Amino acid sequence: MSMSQDFGNRTRKDDDEDRKPPPFEKYVQSTFAEFIGTLLFVFVACMAVSARDVLSIAFAEGLCIALLCAAFVNVSGGHFNPAVSFASAVCGAINPICACLYFVAQILGAMCGASFVKAVILGDSYHILKGGANQFRGLGVPYDPYDTFHHLNVTPVTAIVVEAILSCMICTVYLQSNIDKKSQTSVGPLAYGFALLVSIIAGFHVSGGSFNPARSFGPAVPSGYWDQQYIYWAGPYIGALVSGVLYRLVLGDGKKRLIMRD
Amino acid sequence: MSMSQDFGNRTRKDDDEDRKPPPFEKYVQSTFAEFIGTLLFVFVACMAVSARDVLSIAFAEGLCIALLCAAFVNVSGGHFNPAVSFASAVCGAINPICACLYFVAQILGAMCGASFVKAVILGDSYHILKGGANQFRGLGVPYDPYDTFHHLNVTPVTAIVVEAILSCMICTVYLQSNIDKKSQTSVGPLAYGFALLVSIIAGFHVSGGSFNPARSFGPAVPSGYWDQQYIYWAGPYIGALVSGVLYRLVLGDGKKRLIMRD
Amino acid sequence: MSMSQDFGNRTRKDDDEDRKPPPFEKYVQSTFAEFIGTLLFVFVACMAVSARDVLSIAFAEGLCIALLCAAFVNVSGGHFNPAVSFASAVCGAINPICACLYFVAQILGAMCGASFVKAVILGDSYHILKGGANQFRGLGVPYDPYDTFHHLNVTPVTAIVVEAILSCMICTVYLQSNIDKKSQTSVGPLAYGFALLVSIIAGFHVSGGSFNPARSFGPAVPSGYWDQQYIYWAGPYIGALVSGVLYRLVLGDGKKRLIMRD
Amino acid sequence: MSMSQDFGNRTRKDDDEDRKPPPFEKYVQSTFAEFIGTLLFVFVACMAVSARDVLSIAFAEGLCIALLCAAFVNVSGGHFNPAVSFASAVCGAINPICACLYFVAQILGAMCGASFVKAVILGDSYHILKGGANQFRGLGVPYDPYDTFHHLNVTPVTAIVVEAILSCMICTVYLQSNIDKKSQTSVGPLAYGFALLVSIIAGFHVSGGSFNPARSFGPAVPSGYWDQQYIYWAGPYIGALVSGVLYRLVLGDGKKRLIMRD
């Protein structure tokens, strides 16, 4: 279950693919890439809340994942999301040691990124934006521009279901287009980013649109805004688990699928 | 007319292309991919209606097709639309058995996706959005922001014409950029998604912008909103048929074109 | 100066590249592709004016060119714009016979596409939108949302200059990313479409943002709205000529550049 | 440290990669490409300010860089930004002579592009837009649509920090996805453009969103609007330096990384 064989090494020559990556690249470089990538992603995501417009927030977060994944897909896999790392580990794309290192790097990166936001948006403005934290029902951007007090009828449970379904889509798209031997494609990083983008448009007014425990945990630490934090851990991990199971049972290529191999 | 030879197996090595896919991958995996993909697409499309803004809806639906097609183009062809499956069958890209299996999977997936919407958007909100169903003249989003009672002058017949012309574009782009031996390209899945995106912007205020019978049938079942349902079956199938005929007569590569082969 | 050698046949195998295309593909198929593509593009562009929002119009037109070019770049080159065909002919990417056939096909396609708009948008609505024609200063979408009577200070001459500069960008991007042996890339069709997209955002409030004589001529015929039509012919052709000259003198690859060849 | 070996020559055949580029292509063509590209970028960026909407400005600037980089990545590297050229020089992707030539070409191109804006937007309109110059706190586009006098609490120092962090992201993405032997990908130019796009959404209301000294210096010359110009030089260069150091120490491929080589 060597990491270098499971990545989307699409641009490397065949003789390169078989080389064993040195431990520095396999553990240090890849973990650092997850740290710096998650830091930048959370900084962008929290700053983008200042745009106060669902489409701008969706583009900022979705395209940020697309570009970071394009930059680092051959270095670390380009997850920047503990749920996606979990799904990758379930599918055997990264080994469990890497998954743990990635988790720590992502959480630390998210906290650093969110702290930078506190450092640059001063006083009242920071608290009005709640530090860029995800908010149940996407408070802060009215659902109906013609009636700003109107909200969708949802509950925390339905928010978890929405986070789970859409996280399942994000993880499935990541696995199919970046990991799977049969399906991987050079536009895979864009597909992964677009998955976040459309999920935010679809889920913003229900759950606030996180789909990433690190993105929700990061700003909660410096801002102290912990409301409904459990939504953003339960939903994405349930979705990632379902996605990993579907991949192992039906959707995976002949090598990763556990049943009906060829 | 083997399925595995007609797909856009662009990233596989040449010796892989000739291997006969096992029946599990050819029928079960591909049909399941259409089911899960259509489920996710219809869920996203119906949830996105809550954004109440044409550009957001167009991006959510268009990019969702782009990312799902990128993920599954080498598994099932990545249709998620009975009209596109019909056009593919007319062009010989999938065999008739697959086309029938796909149709059933897409309709079931759309109903499941739309039912999840009913499960998470509660009470009044669900009925105000009419379950995310396509609506003639795109009711719910005013055409003219300065005069919200003003509508484009259209009739159900012109809505069918608009659905047909734009569905013809969507199917032609799908066939050229994902199936055709001469034209297929690694950005084909993006082109297919962009085709839906621009069609929604262009047609939203006329027909509501469906171009996909499954996307319109799905939410009609749980919401009971069946008005003008025939528009979304007649238009896309007429467009798909025209697209298939044009491909067979003029636009296809030397092998698929029925006349003037080389 | 064979057409098949100059196209971006990036996905074909090397032994395919040398085959001489049959005359049917070289002349009939490619000209028909330009006809049907320009028809669809003009239909989408004119319908998109009903969105009454610069960003929506820019996305509809820009992404439409991107997807059509992705679909047809290996068939006809994917121009859908007489100015781009002119620049391609100046650079030797298509032969003069093809350029003339393309011009006729593009003009006829644009008229057909614009006529379909008249057929589906009835009565008053069609005339309020002026059939989707380009309009000097982008009338119909206010420049300043806070002061809808305010306009940018421009004249027809500055509109021609803006059309010329931005058309030069569009043609240069098309030539570099789709034709040039050294620079062509698989994302070339997207780059060509994005060039139109950003040009519309930048130029909409000055010239209305055409950059394409066919897109402006088409709707003028059925709508009878001919004001400032000369802007949309002078600007794009001047830009295309400058772009072709720059390519021949400096930017072209070793074979197409006329000076300092290697 | 030959330029031709370090570029993303992904589409050229292997035997081409080893050929030494003629001096004309190595110095004259590449410098001219940076000149014309920066001219077009600054023209588009300054014109786009007339859209008065953050998302439109972000798309115009971000996609403009994406398309210009796609067109010129194999000619000059496709920087159009002195900070990115500086980072590339630090990483050994271009030699110092090229970096100096590029700097001069970019500054001259930016001044020419901004002068064209002054030529086409007449009188008052030009001064109301301040020539399209970047403005601290993104003045001209209200932060809060419901309270147009409300601003984010920021200071010039926090603006420099925001410019530095986001410029670091832009340079890192450019280096990883276009230069790095292990990570470069065919969607690299899109990733570079998306990096600017998301940075503008995230930073617009703080610093005005430049991340490019040439884009800020260009319009300052004809418009005479020099306020806070130092922000747009200090921020991007600090970010580029950090990005180059991280690349040399941790993120670079085996050849460019200075420590722990394989």
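Going in written order, the chains are labelled A, B, C and D, and every chain counts its residues from 1.
Criterion: contacts are C-beta pairs under 8 Å (C-beta built on N, C-alpha and C of every residue); 3 or more make two chains touch, one makes a residue touch a chain.
All values reported here derive from a predicted model rather than from experimental measurement.
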* Asked: Cα superposition of chain C onto chain D: how big is the rotation, rounded to the nearest 5°?
  -> 90
* Any idea if chain A and chain D meet via the same residues, over half in common, or different ones? -> different
* Centre-of-Cα separation between chain D and chain A, whole angstrom -> 26
* **Whole-Å gap separating chain B and chain D, where each centre is the average of the chain's CA atoms** => 37
* To do: Send over the residues of chain C in touch with two or more other chains.
  => 10, 55, 186-187, 190
* Among line, ring, star, complete and other, which best matches the way these chains touch? -> ring
* Pairs of chains that touch, anyone? -> A-B, A-D, B-C, C-D
* Sites on chain A touched by chain D in the complex -> 10-12, 22, 24-25, 28-29, 32-33, 36, 40, 43-44, 47-48, 50-53, 55-56, 59-60, 63-64, 66-68, 70-75, 116, 119-126, 186-187, 189-190, 193
* **chain C partner contacts - residues on chain B that touch it in the complex** => 10, 54-55, 58, 143-145, 151-155, 158, 161-162, 165-166, 168-169, 172-173, 176-177, 182-188, 190-192, 194-195, 197-199, 201-206, 246, 250-251, 254, 260, 262
